[in-house]
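Each of the two complexes below includes subunit A, the first together with subunit B, the second together with subunit C.
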Partner chain A sequence: MEIASQCLLVLQKELRHLWRARARATATATFALACLFLFSFAGGLDGDTLRDNAAGYLWVGLLLASTLALGESFRVETEHGALEALLLFPVHPVALFLGKALGNMLTLLAVGLAMVPFAVALFDAAPREGVPTLAACVLSGSAAIAAPGTMHSALASRARARDVLLPLLLFPLVLPCVVAATQATRLAITGDPMNQLGSWLSVTVAFAIVHWSLGALLFPLVVED
Partner chain B sequence: MKHVWASGAAAVLLLSVGTYIGFFHAPVEQYMGITQKIMYVHVPTAWTALLAFTAAFVASVGWLWKRAWTWDYLLESTIEVGIVLGCLLSVQGALWAKPTWGVYWDWDPRLTSVAVMVLTYAGIAALRSFVDDPVKRATWSSVASALGYVNVIFVYLCVKWLRTLHQPQSSPSTVDPAMVLPLRINAFGMIFLAIFLVALRYRMARARRARELEA
Partner chain C sequence: MDAPAAIAARDLGRRFAGRWAVRGVTLEIPASQMVMIHGPNGSGKTTLLRVLSSAISPSQGEVRVHGVPAVEARRRIALLSHADGHYDELSGRDNLALAKELGKMPGSVDGVLDAVGLASRADDPVRAYSAGMRKRLAFARLLLKEADVVCLDEPYAALDPEGHALVDDVLRQLRARGATVLVSTHQVRRVAGLVDHAIRLENGHVAAQVPAAQVSPAALAAAPAGGDA
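Coming up: the complex of A and B.
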């Protein structure tokens, strides 16, 4: 119970920081949208190709933008020994992980949902399975990236070359969930006549459950050293 | 040190004998012909690479539980040997794929997951080189290695779970007995080779740690 209330406090702190640094959050979202725009040229400007690849563009754009958001999440904690102060407060490390991961998940969800209307407009990718299904895809994918992202951000933020390390550690690890989320999103956009969307969504949710559990288990070891 | 060199010698001997039997005594496969002979190296490399990453997982749990430096030396050495074997595995797979599938690389779940696995551990090796504090380096790379092991499990199971060009795991009951013998000899040869390389790398890790303590 104490962990739950501490987790909510950490989440409040994250959201407050996000609001105060909203210029950075806006820049992250703009970066994601710029990625969407640039990918159109990389894949060819044919309408059918753009619609078929829209899900992939959305997720690669969100993944690239996630490194900015996740990196910022722990960068602020390394300044002036804020992390040590937070742990001395005392905040349970599991509550710290869950609060930060929830904050990151909400950030990614917001950026992902902000990208959807642009994807619809740029790629003619109106979701045939409905907006709630597409939102469920973005939510599950954001949850699956947020947990390992928070963990690796904690590792990379206190190492040298942290800007290179975070994507180097995170991208290969989350690739299975990005593939699953992309497939689910593609089916949500182009239609799902064979009822495969649920399976891909289950893979993303399973990945999220595994990494949220492992994160809660291992995060105390990372911050207590 | 004698045991280390004995492992190296055993690896050379077993791999020579296994490859000789595989190439000159085992029957030629009906459809792939002589190309299939690469199996006697490719499959043992795959088994040993997965074994090396499993040893890395055990070492990471060992460090997180016991905090004994031997586990960290083992983690460092098994990760690096695993990466080398994983790269070899991908190259061998590409050489086998070209004559049989028509392409060096296909975005097949097994090939892709192996590449992802190697990249995951390459990231962990990079993490180790960017952290100066030995305790933090050991703990953080152990945590990353424990998380990364999810990919190793996926590599093993993806041929059962997903539709893939790559065949699922075989067993001696589905393979000609004349092919099983060289495969087993080479498997032990690759394991001894991995033990030899891990032992050499382990000594280097221990020497580096001693130097860090002196500094």
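Coming up: the complex of A and C.
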């Protein structure tokens, strides 16, 4: 019970901090949109190709932007020793992980949803399966990236080359969920005549469940010096 | 049966990158004692306080606080360290409110802000604070917790003369309410009248222990190794 209430307080702190430092959050979203814009040039002029690849562009853009958001999430904890202070309050490390991971998930979700209208405009990618289905794809993918992202952001925060280390650790790990989220999103955009979308979404959700559980289990080992 | 010591450390050591910052420290500090830790730069004072307060784990040995492992007694321990632990984008009041709610701290946020002289700037973001104000806010959080084991690492650093008087006042308050206090400082004369004894650290080892009546820079420097407290 105490873990749940501490988790909510940490989440509240994350959201308040995000709002107060909204210039950084805006920069992350702008970076993600800039990625989409660049992909629209790199993808050529064929409208069908752009539309087919829109899901991939969206997820690669979100994954690249996630390293900024996730890195920032632990920079504020280590800059003035706030993480150490939290542990001495004491905050249970599991509550800390869940609160921070939820905060990161909501950030990625917000950035992902902000990317959707731009993707629709740039790639003619209006979702045939409906906006709620596309939103569900973004939500499950964000949850699947947020948990290992929070974990590895904490790991990398102790290293000197943390900005480089985080993507090096994170990208190979989240590859399966990015593939599954991309497939689910592609089907949400182009249509799902064979009813495969649910399967890809299940893979993303399963990946998220495994990594949220692993994170809660291993995070205390990462943050306790 | 005697009550366990407020802080008991046995054969304590902490290593960083293969080098021992603190090694072989055995201490037993009874409840309600105030102890000064003194020593040259790099002697291991900060590391010792951080290990004793469970901010970092020891590489060898163990720390018990009131008879239980220090990590399990964190609710009873407060540490004032060089890193103040504040969030820059939140206000001073938000930082303290967060600490109070997360740590179920008994003190009053407005009361401690007033006590450290930050009431008028409580709603400003911490990034707008000077180094001295950040230190005062760290003191406010320390007072908020009302811990019975308090570790203070260079409490006078970055403070103006008014701030020094504030630290003196906090030390007296802690003493009056029977807290066990470890204070690392170079301000030996300032603290000498308040402490029960002093420990001199050199190269991560306890070089000397000096009783209250003899605490002075000269006595600390001249005390024989292993002198009684």
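Assume the second predicted complex is superposed on the first by the 225 of 225 C-alpha atoms of A that agree within 3 Å, B and C clash if a C-alpha of one lies under 4 Å from a C-alpha of the other, contacts with A are read in each partner's own complex, and residues count from 1 in each chain.
We take it that a residue touches a chain if its C-beta (ideal position, glycine included) is under 8 Å from a C-beta of that chain, and two chains touch if they have at least 3 such contacts.
As the structure is a computational prediction, the values presented were derived from the model and not from experiment.
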item: Subunit B versus subunit C as contact partner of A:176, first or second or both or neither; value: first
item: Touching partner for A:211 - first (subunit B), second (subunit C), both, neither; value: first
item: Which of subunit B and subunit C A:151 touches, first, second, both or neither; value: first
item: Partner chain(s) touched by A:16 [first = subunit B, second = subunit C, both, neither]; value: second
item: Subunit B versus subunit C as contact partner of A:126, first or second or both or neither; value: neither
item: Partner chain in contact with A:64 - subunit B first, subunit C second, else both or neither; value: neither
item: Touching partner for A:160 - first (subunit B), second (subunit C), both, neither; value: first
item: Overlap of subunit C and subunit B interfaces on subunit A (superposed complexes); value: 225
item: Contacting residues of subunit B [partner subunit A, same complex]; value: 64, 113, 116-117, 119-120, 122-124, 126-127, 130-132, 135-136, 139-140, 142-144, 146-148, 150-151, 154
item: Footprint of subunit C on subunit A - complex, ascending; value: 6, 9-10, 13, 16-17, 20-21, 76, 79-82, 84-91, 224-225
item: In the complex, subunit A residues that touch subunit B; value: 148, 151-152, 155-156, 158-162, 164-165, 168-169, 171-173, 175-176, 210-211, 214, 218, 221-222, 225
item: Residue ranges of subunit C in contact with subunit A within the complex; value: 53-57, 71, 74-75, 77-79, 81-90, 94, 98-99, 101-103, 105, 125, 141, 145
